[in-house]
Amino acid sequence: MAEKKLRVELLSMTPNALELLYAAFRQCYHAGFVADMWPRLLNGEIPPEKQAGLVSRVLESGHDSPVEHVSFSFAVEGISRACSHQLVRHRLASYSQQSQRYVTESDMEYILPPAIARIPEARERFEAFMQEVGSAYADLRDILVAHGRASKANEDARFVLPQAAETKIVLTMNCRALRHFFHLRCCARAQWEIRALADAMLVICREKLPAIFATAGARCVELGYCPESERFTCGKYPLRKDMA
Amino acid sequence: MAEKKLRVELLSMTPNALELLYAAFRQCYHAGFVADMWPRLLNGEIPPEKQAGLVSRVLESGHDSPVEHVSFSFAVEGISRACSHQLVRHRLASYSQQSQRYVTESDMEYILPPAIARIPEARERFEAFMQEVGSAYADLRDILVAHGRASKANEDARFVLPQAAETKIVLTMNCRALRHFFHLRCCARAQWEIRALADAMLVICREKLPAIFATAGARCVELGYCPESERFTCGKYPLRKDMA
Amino acid sequence: MAEKKLRVELLSMTPNALELLYAAFRQCYHAGFVADMWPRLLNGEIPPEKQAGLVSRVLESGHDSPVEHVSFSFAVEGISRACSHQLVRHRLASYSQQSQRYVTESDMEYILPPAIARIPEARERFEAFMQEVGSAYADLRDILVAHGRASKANEDARFVLPQAAETKIVLTMNCRALRHFFHLRCCARAQWEIRALADAMLVICREKLPAIFATAGARCVELGYCPESERFTCGKYPLRKDMA
Amino acid sequence: MAEKKLRVELLSMTPNALELLYAAFRQCYHAGFVADMWPRLLNGEIPPEKQAGLVSRVLESGHDSPVEHVSFSFAVEGISRACSHQLVRHRLASYSQQSQRYVTESDMEYILPPAIARIPEARERFEAFMQEVGSAYADLRDILVAHGRASKANEDARFVLPQAAETKIVLTMNCRALRHFFHLRCCARAQWEIRALADAMLVICREKLPAIFATAGARCVELGYCPESERFTCGKYPLRKDMA
């Protein structure tokens, strides 16, 4: 039972991403066949800056469906089951998550919320409880095994594992889904943990594909105002009703 | 901290469901406009048995997209967060789930796995642990509030809540998604809890729309064989390789 | 070969729609079970205006996923295949469309674009051509039948049918998808035909569920500015860059 | 106005596809983090045959969600609008299609159905009609331009373009969607044109990722029987009711 920190690794992404987006955007308005233009996109005859310019302009005007052609696949560890439960609510994505039914959690790691970590008294209480979790899990597994339930012991014992229990997940999202994910999860209203995950993913996306992600982030960044109500706004952007 | 049992209530479903499915199937092959036929579908001039017959036959031959036009909305309580995490992996559905961030869980209820309930020693250990959870949650909330984190106390303290913690959810699925859900979750390989949920939903669906759900269930029911490997099959149906 | 006009009929919609949306929104933040509150929603103990107020407020702040629980099913006739091709690009929806493979189009009807209808010379040319289509279709079917291709004659002969060819379709969308559809298709940039379809659907949705659709329409209506570029804006709303 | 033949080009696909699928499958059941295993997957320490074996076995048992992590992006030309209308009904995919609203079709190319091509009389009638289409399109554009509708002339004149009109499209599908697409569209019941497209895509997919696509094809290939009714079966596989 030990604390685990967030780690986000990019496993794979669509290659020649900018060229593919440019080709997809262009095919909509172009009389020719983009497969014939493809080599000239790759060899720089059509300069990357020109490609990025078109892609950004069209995206900015709200025509975002072509950015779906490019996907990112991440491996993530060091998130809690509370966080993964929020994450998988984003349905336009693919997930392969570590199963608590098949993996024995005797050495369960956990996520320590920063607000708890900062208060020694809270941290102590939290960490003591995590040890109680370990005991309860081990005891229940032992009892279940002793009663002939070995093959199902994990899946029953795991009912005592906390929301804090660490999980690992491989996830793939296309750029449109990613931008939507950042809209919601880079917002100050998002829980700190999924926000940290979103921020880490955004850093990678921005580095790999700035034409799409330079302007990505919480919705306010794109809208120019905060869509939340007075009660929930973080105050960084004006409320919509306060716009001229 | 008390045990909670599964409860599934149908809140709403598409009205005139059979007629709508019949109309949708018919529109594909019919020269006229089904809106003109609609009154005769509703007043029984085209008898329900005839409608059901067509719908079942087309569905059986694998053309299942028209059954998407009809949806069921359920309210569910008495499932664990372990179960809801599995549930929301079904992406062709809509969910509105009780938030542990906004609802204080001082009187948290929990799901008791039947295998644990049946072993007195296991049950005792489990129930004792649930009381420890209650203490840890209350202690952490108190500490966080005392340190000025009142507004975020729930969302941080909930990290100690177990997978067993009860949750409530409103969910809507169309008939095609429901049939797929039953394929996977009425299977003996599914975890007991989501299987109980699926079974309860299937009972309701069958009663309300037998033309679609009389033949629904685990995949083997539809395939005529078990698609799992030797290691995982429950044995009720022959393996595919053992088919003639 | 005759002209056909748009007709949109609501076949079915989720009953108790406002109550269902209210229940779904409430379940997220409520400690109790909305199934227990359900009778009081239906009998007016919780007044519809109060329900509508909550639903509108939450929707306005951008939390729109709960509105997915309610769906509308329309039967549409009098749209061209050009229009239906645009329509089915909206992927979060279910469609059952009249098949040109299975329905013989000897009496094909067609959609006459208003701009062509307004210019007598254009209209005449268009209508004369539609008669040529009818001859070509009939001739090809006859030849194919004479050569023993009766069962496939429709699907081959239909290659001469125009984009103007009328089609009929049953479609189901949930309220979130509908609002997105209206964002894009009630916009002045949308083609006149799908815009007329969207407008007709919006009239029905507004009447049936004003809490969700009173504020629906093109994106500018919701954003308060036009997201298009200078070149494409219709001028009704200021461009984003011209906002203070 | 000239005939155009199908051409399918692979623009891009997820790199290290087999390794990514293996990593995704493994993460579900593995206690460690697949990002740590990733270098060993790439350098062959875990041999590709072993990876392919696991992936195929899990896929065969019906657990196909992990194959969503890998996508293929194709550029396609030489398909009719009849075919593209069928294609975009596959909703779990991304499309960027050449617009008849923005591209002038004065040199429209068309798809000639093989059954028509094989009958000289039919072919002659078809080709003569395509020239009539060209005249009607040109005449209508001229009239519209003369009446001050230059900017909308394409979108109105295109109503005379036939279903045979050639279109170009960039499309991205993940492996799960591709397998489903092949189930339906490699079937003898599919129209010849989309079947030719599906077959061409399958050839590429098989070459690039045999672990997933060696066994892909029409549903009968996977099921071991034909799910269609007696009336529609092609006879290559036994009907379900004729299975032991």
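Note that the chains are named A, B, C and D in the order they appear, and that numbering of residues resets to 1 at the start of each chain.
Note that a residue touches a chain if its C-beta (ideal position, glycine included) is under 8 Å from a C-beta of that chain, and two chains touch if they have at least 3 such contacts.
All values derive from a computational prediction rather than experimental measurement.
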item: Same or different residue numbers at the subunit A/subunit B copy interface, by half rule; value: same
item: Centre distance in Å when subunit A and subunit D are each reduced to the mean of their C-alpha atoms; value: 30
item: Centroid distance [mean C-alpha coordinates] between subunit D and subunit C, Å; value: 25
item: Centroid spacing, where centroids are CA-atom means, of subunit B and subunit D in whole angstrom; value: 33
item: Subunit D, residues touching no fewer than two other chains; value: 95
item: Arrangement of touching chains [line / ring / star / complete / other]; value: complete
item: Of subunit A, residues touching subunit B in the complex; value: 80-82, 84-85, 88-89, 91-92, 95, 100-101, 110-111, 113, 115-116, 119, 121-122, 125-126, 129, 132-133, 136, 139-140, 143-144, 147, 149, 152, 155-156, 158-165, 191
item: Subunit C-touching residues of subunit B, taken from the complex the two chains share; value: 7, 9, 11-16, 20, 23-25, 27-31, 33-35, 38, 65-66, 68-69, 71, 73, 75, 77, 94-99, 102-104, 168-170, 172, 174
item: Of subunit A, residues touching subunit C in the complex; value: 57, 60-62, 219, 223-224, 227-229, 232, 240, 243-244
